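Some structures to go through are shown next.
Note that subunit A is present in both complexes that follow, paired respectively with subunit B and with subunit C.
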Partner chain A sequence: MAVAAALALAPRLRVAPRDPAAETEALLGVAGWAAQFTPGVALEFPDGVLLEVSGSLKLFGGLESFLERVRRELGEMGWTAAFAGAPTPRAAFWLAWAGKQKFIGESAELEPVLAELPVEVLRCKDETLAAFEAIGVRTLGELRSLPREGVARRFGQEPLTGLDRALGLLPDPRNFFVLPARFGAAIGFPAEVTQAEALLFAARRLIVQLAGFLAARSGGVQRFVLRLGHRDKAATEIAIGLVAPSRDAEHFTLLLRERLSNFALSGPVREISLQAGDVVPLPGSNLGLLLEQGKPPGQWEHLIERLRSRLGTGAVHGLSSHAEHRPERAIAITEPGSRQLHPDFGERPFWLLERPKPLAEVGAAPHYQGPLELLAGPERIESGWWDGGDVARDYFVARTQNEALVWIYREWRGAGGWYLHGVFA
Partner chain B sequence: MEFSPEAVYSPLPAYAELHCLSNFTFLRGASHPEELVRRAAGLGYSALALTDECSLAGVVRAHVAAKDVGLPLVIGSEIRLQDGPRLVLLATDREGYGNLSELITRGRRRTKKGSYSLDWSDLDSGLPGCLALLTFPHPLPLSKGEGEKHSRSVVERFPGRAWIAAELLQGPDDRARLAGLRELGKIYGLPLAAAGDVHMHVRSRRPLQDTLTAIRLRTPVHACGHALFPNAERHLRLRMRLAQIYPAELLAETVRIAERCRFSLEELRYEYPEELVPEGETPSSHLRKLTEEGLQRRFPAGAPQKIRDLVERELSLIAGLRYEAFFLTVQDIVRYARSQGILCQGRGSAANSAVCYLLGITEVNPTKQELLFERFISKERNEPPDIDVDFEHQRREEVIQYVYRKYSRERAALAATLITYQPKSALRDAGKALGLDAQRVDRIAKSIAWWDDRKELASRLRDAGFDPASPVMQRLTALACALLGFPRHLSQHVGGFVISRGALAQLVPIENAAMPERSVIQWDKDDLENLGLLKVDVLALGMLSAIRRGLDFVNDLRGNAITMACATLCTRSRLEIPGRPDADTTRGILSMSSLRLRS
Partner chain C sequence: MAGMPFSFAALLDRPDIWRGDSLSRAGTPAIPCGFPGLDAELPGGGWPAGALTEILPAHEGIGELRLLGPALAGLSQRGLRLAWIAPPHLPYAPALAAAGIDIANLVIVRTASSKETLWATEQALVSNACGAVLAWPRGAKYAELRRLQIAAEGGRAPAFLFRGQEAAGESSPAALRIALDTSDGGLAVHVLKRRGAPLAQPILLPAMPPAVRSKNHHVDRHPAAPAAARDFSARLVHA
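So, the complex of A and B:
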């Protein structure tokens, strides 16, 4: 149909030139996502993806739930698709292409079904199609009923070979799609986007694709970058780091939403792309395939990621306990989640003053914002002679007049005296 | 009105420390038993229990020191059960001591040298004569069920003889700890008693104690983390401090427990094997009989009066000290060796006696020697007689196996030799504990052959290219000096056997030696001497093997029989073998003497 004719039928139609490169990109992206279901993924250019699924249907709970999932995720990526299944890849593709939502399990049932398909599925040259039309051949069944030698002479071997392959009479080897090492995908917008929130919707498509890709690789990523392409300035990059490797699309989306929610766009966005870091093997990933999603990480990990998304990476730290009796050396700042706190930490505040604060003494009793009430102690710490930092202190938990709980100690070395070392939260 | 200090100052509470490890709990305890005893006495403790971990190796030293300062010493042991807590077991009487010693033996014999394995089932008999203190780790176990399980287990096995050791060591929350222990005690009817989990006699041993931990864990001290104690409270604390920390009744309870432990090592009586004396004879009459047979054999023409007088004097001395069985034991071993054609020769102070000559233990004819038997064995000195018997080194094992066969492994074991830190090993281990790299430590240890004291060490370090004033070297020097002489492990004595009438393990714990088929007791020769216990030395002498070959050779050549008896007779006047130049034979004798001096 000509553009003019189309516009005549639908005056509000928006016309965009076809972009074969983008179509191929999209097809590759879908293939990468589809690799999570089976290692047997083949491309049928320009618009088909073939999956060899007979071996893996059971894993996904049978054909129905498998189709349900494939349809949903494709939808999330922004695609609509026609599905069909058959014992041969060509037959499956033809059925899909013809819009027949059929799933044929037995080769014997193939012939009558294929016979009803229009000859267009052969994707022959236009002249050939015209010639078929001229002799009144509209379906594959009608084509097959013609004498083979005649057809071959007139239209070449191609239509017959195609038919034989679809029927399983001839082998039809395919090259399986090979996953790239790293993930990268892009979406161009028909119109420039100015709202950061709105980007999330598009980004979500890429995230689903990423999750499929990671499932296919039995891995996860700990970092991915959303790149915003502008018309006439350098791209903006939004990097998202995770506490632990993941391939959970919901989790990725959540993190990206947090970041985008208070993100000021430096300009209108024409396209977005998603790049992921190195894929690391994810433990239990095989099990994760069987379940709807991988096992969700602990709530606190999400909290840390959300806090970091809001406040910036440098503003959120982890505390880890170091096996040391001297309190100031017993806690170290670390990457969140990288180390565990010692469980029997006792009654100590996690938050210690960088430098213990000398306390006033009134009649040998320590004062901090007035007199202190000693609640527990003394806990004696004598340790550290080996590095010249030997301490000898008696620690007490004390209550200030403002009802705050503080951790103070009496120093037995040097000049002695009382010090405030920490505050209980 | 007169000033009375007692009226002004409330008197310090009486206290007995019931949980105390010495450095005989290798690489845990940081003080010698003597130091602990003297410090406890100095602090006015009512008693001190030495409770080394599954060991009684340090008790004799503690006993000697305690007798010296007049401190009541309680004998006990800390036992870590495989399936339970650490218990402190204290001996109340001889029976309890014997049972404790047997328990330790059982735990030690099960495993390889240096370790032990005991569990609740080993205590099912209740260990009569012993008291038990149940200890808890620091901090208390998180699971309450564990504490209750342990309390129940200890009450079942030690009814009326068990306590909870309240060890308050200035931890994070001593008040809560005490409350928790009290609650447990109330539920299970276990009284609480104060205890200190003592690892050192004074607070200042903390660096050394940390170092021992580091050596034990084979980890530099800075990386030991929570394996180190958080403070130095595990020392013998001032009673004034204890009064501040513990409720009075918990301190008073310690004294009551100590008073129940009346056992003293003085009570140990060594009893010689019975089988050496035929029925109807006493050890004394039997020894006399054997001696008289010796007179017949040695002096077929009749013994000179001088010898008869000497024998009478010696026999009455031996009888006075009740050493007959000792001489009989040695005689029996020598008789066996002779019967197997194994060359042997007695020596040592008591060996130079007419009785030994007549029993065939030595070949020194008392008529030809100036003998001073009494110089070495006398009533006044109250020291055990010393008879070492050398055997051909290649055949000594036969004699050892004879001893084991005759008395069984339950009744005979080798004495221990205490291996202690020497300058090199002290430097090496201290250096490793400080985190110095192995090569550097080795360089220091190798360059310093020996040192007398700290000052000497400093100058040796300087010679070796290290700066003794640097903090690391200062620490190294101080630690190595403190470590010097610390026990490291028990090894087996070269051949000193202890043989008893009943089960030896009732007298002293027996453990496995590094050599298979050997077992050693936990006391060394000094300990045995201090308790007046006798050992029989079955030693190996390479020279005897050489002489054996020499005699065989000469006898072959000459066609007649020279024996050891002939050779020894000549030692004074020079051994002369006809037809040989004098110089050669003289060298042979010198060589023999020098070996003797060495061993």
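So, the complex of A and C:
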């Protein structure tokens, strides 16, 4: 139908030109995602993806549950698809293309089903189709019932070869799709997007595709980048880092949601793309033989990533201790979970004040919430002349009037005086 | 109903039923707290797992962390992670290591607001990825604590909330509420609320750092505990 005619019938129709490059890109993306189900993925340009699944169906729990999963994930990526299955790839593609959602297991059943298909599935030239119509051939069955020599002479060998391949009479080798080393996929918006929530919705489609790609590679990523393309500004990059490699689409979505929830968009977004490189091998996980009671233990790394995505990377950390006499330097901020040595110190408080607090002095005795009673000490710590952090302190354990135990010191350098440095909580 | 054996005792043995006059028994998962005197008074014999425990010290520094020391040491040595959310000061790694806590299993979370503290605590509990969650919320409301209690349920982690003692007067959904006070140089543990009958008498624990305790003999102590500590029990009657 011509665009003008269509607009006359439906004036509010929105017309978009076909974009062959984008269609190919999308098809390659779907193929990359589909490679998680089988190594045998072939492309049928411009709109078909063929999967050799007879070897994988058992793994995915049979045809029904396999189809359900494929349909659901395709839906999450924003695609709708017609499915069909047959012993030969061409027959499967024709059935799907003709919209017949049939699954044929035996070659013998193929012929009557194919015979009903319209000749358009052959995808031959328009003149040929017109000629078929002129001689009253509408279905493949009618075409096949004509004498072969006559058909070959009039329409060329091509329709007959196609039919023979579909029926499995001729071999039909395919080049299998080879996964790229890096993942990259993009979505362009028909209208500019200004809300983070809408971005997340679109990004979710790309994340499902990424998860399929990673499953096909038996790997995971530790970092992925969401690029927001603007009209007249440089693209905004949102990098999501993970503590451990993962390919969990739900987890990726959650991290991105936390990040986008407090992200100020610098301008309307025209398109988004998701990129991930450095795929590292990630073994599958085994389920326990016996089901454990209660909530399953969560993944520690996931918790850290979730906290960091909202609070910032520096807000979540581990601790380590060093063989160093100055108390404030005997401790360091590390990545959570770092292994370390435990040097032996004397009595130390559970809490260390990040900045020693000067104490009032009444008659040469330190006061903190009233006069302090010295219980143990002094422990002389004099160290650090070589790095400029020179200290000379006498540490005491002291008791406050509230019977709290605190760790205080008398400074011998500089202005001197008493300081509160820790609390024995 | 003839022929159908029915035993009232069997009914009462169900783990999800507890009688008001006794502690709830088997079925309550708990982490032994390492002080036999206290374990005996806690339902399940320790800190309740998958539930909130509120710790309300009279003052900072009277032994509120030492009370958790043995439990935290045991959990961390089993490789379980301990999340410390919005602690008031820097947890001092050498002291924690000396108390037997494997500091490789610590994670410290710093927050900028009480809203973030509650959010991070909830995330840590929901994830069920921690051996214990310690949090220092400021001014949490009942509804917010209720959220945390629900997040903790079904998990394996005990959740410790450290709050000021002024919170003792407010109602709380926590499974266990403990007020701490000092008494004769030791720690007096008042069980304000537990799953079972309330406990009138405080439990006295010798919670002092060892080095200080040995020195303690040589130091003159004030003869009487401060007045504030003594009328503490009276203040808690309505809690």
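Heads up, the rule we're going with is that the second predicted complex is superposed on the first by the 307 of 425 C-alpha atoms of A that agree within 3 Å, B and C clash if a C-alpha of one lies under 4 Å from a C-alpha of the other, contacts with A are read in each partner's own complex, and residues count from 1 in each chain.
Criterion: contacts are C-beta pairs under 8 Å (C-beta built on N, C-alpha and C of every residue); 3 or more make two chains touch, one makes a residue touch a chain.
The model shown is predicted, which means the values in this text are computed figures rather than measured ones.
Colleague: Applying the document's definition of touching, compare subunit B and subunit C: which contacts more of subunit A?
Modeller: For subunit A, the partner with the higher number of touched residues is C.
Colleague: Contact-wise, after the overlay, does A:F263 reach subunit B, subunit C, both or neither (first, second, both, neither)?
Modeller: Neither partner.
Colleague: Look at A:H317 in the shared chain and tell me whether it touches subunit B only, subunit C only, both, or neither; answer first, second, both or neither.
Modeller: The second partner, subunit C, only.
Colleague: Scan A:A376 for contacts with subunit B and subunit C and give back first, second, both or neither.
Modeller: Both subunit B and subunit C are touched by A:A376.
Colleague: Figure out whether A:L307 sits in contact with subunit B (first) or subunit C (second), or with both, or with neither.
Modeller: In the superposition, A:L307 touches subunit C alone.
Colleague: Who does A:W385 touch here: subunit B (first), subunit C (second), both, or neither?
Modeller: Only subunit B is touched by A:W385; subunit C is not.
Colleague: So in the superposed three-chain picture, is A:E403 touching just subunit B, just subunit C, both, or none of them (first/second/both/neither)?
Modeller: Only subunit C; A:E403 stays clear of subunit B.
Colleague: Mind working out whether A:F103 is in touch with subunit B, subunit C, both or neither, as first, second, both or neither?
Modeller: So A:F103 meets neither subunit B nor subunit C here.
Colleague: With the two structures laid over each other on chain A, which partner does A:F176 touch: subunit B (first), subunit C (second), both, or neither?
Modeller: A:F176 sits against neither subunit B nor subunit C.
Colleague: Now for A:W79: first (subunit B), second (subunit C), both, or neither, which partner does it touch?
Modeller: In the superposition, A:W79 touches no partner, neither subunit B nor subunit C.
Colleague: Intersection of subunit A residues contacting subunit B with those contacting subunit C?
Modeller: 342, 344, 346-348, 376
Colleague: Can you name the residues of subunit A that touch subunit B in the complex?
Modeller: Interface residues on subunit A, with respect to subunit B: 322-325, 342, 344, 346-348, 376, 378-383, 385-388, 392, 394.
Colleague: Which residues of subunit A touch subunit C in their complex?
Modeller: These residues of subunit A touch subunit C: 294-300, 302-304, 306-307, 310-311, 314-321, 327, 330-331, 336-340, 342-354, 369, 373-376, 397, 400-406, 422-425.
Colleague: For subunit B, which residues are in contact with subunit A within the complex?
Modeller: Residue positions touching the partner: 139, 142, 170-173, 175, 206-207, 210, 221-222, 225-228, 230-233, 434-435, 471, 475.
Colleague: Using the touch rule from the top, collect the residues of subunit C that touch subunit A in their complex.
Modeller: Within the complex, subunit C touches subunit A at residues 50, 58-66, 81, 83, 87-99, 103-112, 116, 119-120, 123-124, 126-130, 154-156, 182, 185, 208-212, 215-216, 219, 222, 225-226, 228-229.
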